[in-house]
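Each chain carries a letter (A, B and C) given by its place in the written order, and its residues are counted from 1.
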Amino acid sequence: MALPTFGRRLGGAALLAAFVLFITLPFVMVLLEAFGSEWFGMRLLPKVWTLKWFGWAAATVDIGQVLINTAVIAVLATIVSLLLAIPTAWAIARYRLPLASLLMGAILFPRMIPEITFALGVARLSYDLGLSNTYVGIALAHVILAAPFAVLVLTSTFEGMDDRLLEAGTVLGCNTAQLFRRVILPLALPGIVAAALFSFLSSYNDFVLTLMVYGPDTVTLPVQTYLSIGNGYLSVAGAISVILLVPSFLFLLLLMRMVKPENLLGGLKGA
Amino acid sequence: MAWTTWRSSAAMNGSAGPGAAVADTLHPASARLTAATSRRVAAAGLVLPLLVFLAAAFYLPLGYTLIQSVTSAQGDAFTLAQYTTFLASRQGQGVLALTLFLSFAATLVSLLLSLPLALALRRGFAGKGIVQFLMMVPITIPSLVGALGLLILYDRTGWLNYLLVRTLHVVSQPVPIDYTIPGIVLFYVWMFFPYGGLVIMSGLGALDPALEEAGRVLGASPWRTFRLVVLPLLKPSLWAGSVMVFLQCFGAFSVPLIAGGNYQPLAVKIYTVATVFLDWHQASAMAVIMGLIQVALVVLYRRLDRQPGRRTA
Amino acid sequence: MFTVRSARGLAGALVAGVALATATGAAVPAARAAETVSIVDTVSGPNFQAFWKTYLIPQIKQETGIDVSYTVGQGPALQLQMASWKQDHPPEFSLLFVKGLDLSNMVQAKLPLEPLYPARAKEIPNQSMEPPEFLASNNGVALEGKGLIFWRAQFDLVYNAAFVKNPPKTWREFYDRRKEFAGHIGMIRPDAGSGGGRAFIYSFLTAFGVDFKQPLATLQTTAAWKDAWEKFGDFSHALAQPVASAAPVMFHQFQTEQVWLTVYAQDYSLWSAAQGQLPATTKAAPLDVNIVGASNAWLVVPAVDSPAQKQADDKVINVLLSPAVQLKMLETMYQYPGTSAWKQAPASAWDKIPPVDQAESHGIRMTNLEAITYIQQHGMDHVAQ
């Protein structure tokens, strides 16, 4: 297309602006509810600005404890999910397994039905095994939901890996460990990070299943936030969300910086 | 895919081929077993841990749900009535149609949004990091909070309609978005497109730029390069991304509950039957139906994706 | 290159994470001192959550020395968890704070609940101040004394005085004037988790002659039943669309002035208006038939608690039912006490809200469980779409 560069840049900038607004405005609503009073979305900005919702949030929520609980559980769930998902995805992607599609369906099934419908059994198991109200117990419950998405992402990652590079590695004399470290891991890293991210988010966002297996020492972010909405108090839930989201965003930023954004998007040259 | 081409050639040659060499170095098998059996054993070994975990943690509890779905509150030992009444009723069919429509529509729109976005983000530009970061917002906000935010933003009295009616004067009456089908699709896209977007970005990131360069050097236009080189290589990511978005849409609960108005898709209905009507038998049957439909769709989709004659890289 | 280095960094962080998490995760919470009560609250909105944390829990500590651990929870999920509870296996929560309908469901499902009234009258003396008729049964389910009421609430007409200068005083008047309010009458769906819509319909039908003391099968043959539902069908044309699928939706409709009148819990609405969560011009007034007891909050003790734990629970409940605490709740939260302590309230307490006996004078209780189920499952069928 022969658009003048300036026009293309302007169009690009406009699209970008539209995208940014699309994504952020709903959250801006939450912010305004959290910092305003008697606003209700009715006029542009609240008439009355206040910090009292944050005061309530601080009074009702042990922020630090909730954050620690959520983070520890999510990290545990991510690690276990990856450990289970990586070999599974490798097998599905690289071997011609019988009934592979059905197998994939069976692995994804936990994400295909509402949690409340199998929650009773999970609650019973957790209680009987003494795992209620423990980080490990809740993390394992979350793995039920996190591992399927990890398998989904990693399967596509391993399927997309160029076998000629693996071949080349073997032909050039790599043993198993070297092949894994120098060829497979770098190639798969964007996918592994994505799988880790989705596992982390699956655990971090979980509400219904957590309510089955939690206790006083293991209240997580969604539990605390959802149950502060009551009959419609978005303000306090908004304040809690704002407080709890800041560290969450920081953690995600850290995760993404640690594995350099270029790796998420860029090529694999230079391995 | 390269995998299938040289695997089939290896099979034709009667040897295990380099793939087996890779497999065997990773998972040494007894010399007495044939290569094929050793591959099968290795495959089973790899898949077993997750399957055992799911069997214990999920399928065992699910067994109870299954039993509930075929027994009834009246004490029937076995009945399919819960399934048939739902599937045969107009209400049930309507719910299924609604859920399917919303999910397909939102998945399609999400893909149409994610793919160009991911492509645009490849060429470095100033906003790349910000955009990538912002894509995290919908999936890190608790969904009920996000749903309420969406409700407020797109209401008759919200910012968007304020812009359209009072500032731009594009329309004279507020545009109804909340509680409408297009509105629900829009909200689903907001909530769930990052799932697809992040998978596609990850897949794009693993592409070897040399392949695209080759296409360009050989005289193909950017569009042809995209269509014939990039797109086929992206297929696994597109597949995984769209499945992920679809599953999220199909199972969506908070958004339709808050902003769906009279439109109540499957997850909302199951929740109502289970926790308000306390009819766990009916709810279990509906859940099984829900799961089986999605399994069928995923299996079908994967089959379509794996058709022979598909171009390989 | 740095892919592998970053991978090492990632792996290192993950290993550190595992170590930390295992150390904290494997450590089961240290055994608590016997005098600890772990309460799960499935009723309170953020207003009461703050009240618990800032007043009730310190008050309990002061009066009894008991440490109360406070956790928010959700009724249906708690009920599912309770199904697995066994003797000699203490559950995570030793004291439950639940909604009335949840309690009725729990008792009906024969979940392990400790009879408190009058079985533990000695340990919880303040229970004598509770109204016996409320304790005997709820929603038509005989409670076997398995709960004590912490607060009472009722559903009244809640309206925005900026738009409704002269609210209707009876349901018939409301019905006759429905065109005046067309599109501005808010109702929560009867199949929603929140009971507001069911209370709405139950009171409407009662006002139009349905006698809920009769069993449902009989009722359905009466002329009054058919007529009342027909009138409700007419009335439903005036409801704000869409009919709210959940309480937050109706609140949003009320806040954005789409809804001018609705039937909801009086205390919650007035308090919300005072806090700026509802328009400042929000008021509440009873109609000729209003529902009482539907929105009560109950204290419940699991039967599987150890005897020592139950004794601690008793002490906590007794403090919660004490006149001082009950009156404090009335004065600061506009919430009607569960006990008769309200009789000791100073006159100033009734500035904003009517005295309890006056408010409950028109009150009826939703005692016909079959009818409630019918309204739940078929109420929306009668609503004009």
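Quick note on the criterion: a residue touches a chain if its C-beta (ideal position, glycine included) is under 8 Å from a C-beta of that chain, and two chains touch if they have at least 3 such contacts.
On a predicted model such as this, the values are computed, not experimentally measured, just so you know.
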| Which chain has its Cα centroid closest to the overall Cα centroid? | A
| request: Work out the mean Cα position per chain and let me know which chain is farthest from subunit A. | output: C
| Chain centre separation in whole Å, for subunit C relative to subunit B (CA means) | 37
| query | How far is the middle of subunit A from the middle of subunit B, if each middle is the mean of its Cα atoms, in Å? | reply | 14
| request: Using mean C-alpha positions as chain centres, tell me how far subunit A is from subunit C in Å, no decimals. | output: 33
| task | Pull out every residue in subunit C that's touching 2 or more other chains. | result | 76, 248-249, 252, 256-257
| said: Where in subunit A do residues touch two or more of the other chains? | reply: 40-42, 116, 119-120, 124, 193, 229, 234, 237, 263, 268
| task | Hunt down the residues of subunit B that sit against at least two other chains at once, touch-wise. | result | 148, 152, 155, 157, 274-275
| task | Within their complex, state which residues of subunit A touch subunit B. | result | 12, 16, 19-20, 22-30, 33, 40-42, 44, 83-85, 87-88, 90-92, 94-97, 100-114, 116-122, 124-125, 140-141, 143-144, 147, 149, 151-153, 155-157, 159-164, 166-167, 170-171, 175-176, 179-180, 187-188, 190-191, 193-194, 197-198, 201, 204-205, 207, 221-222, 225-226, 229, 234, 237-238, 241, 245, 248-249, 252-253, 256, 261, 263-269
| Complex contacts: residues of subunit C adjacent to subunit A | 1-4, 6-7, 9-10, 13-14, 17-18, 20-22, 24-26, 28-29, 38, 44-47, 49-50, 52-54, 69-74, 76-78, 80-81, 83-85, 89, 91-93, 194, 247-252, 255-257, 268, 272, 275-277, 279-280
| query | Which subunit A residues qualify as touching subunit C in the complex? | reply | 37-38, 40-42, 48, 50, 56, 59-60, 72, 75-76, 79, 116, 119-120, 123-124, 127-128, 130, 132-136, 139, 181-182, 185-186, 189, 193, 208, 211-212, 214-217, 219, 223-224, 227-237, 258-260, 263, 268, 270-271
| note | Residue positions on subunit B within touch of subunit C in the complex are 148, 151-152, 155-157, 179, 257-258, 260-262, 264, 268, 272, 274-278
| message | Help me check something: in the complex, which residues belonging to subunit C touch subunit B? | response | 76, 105, 191-193, 241-243, 245-246, 248-249, 252, 256-258, 373, 376-377, 385
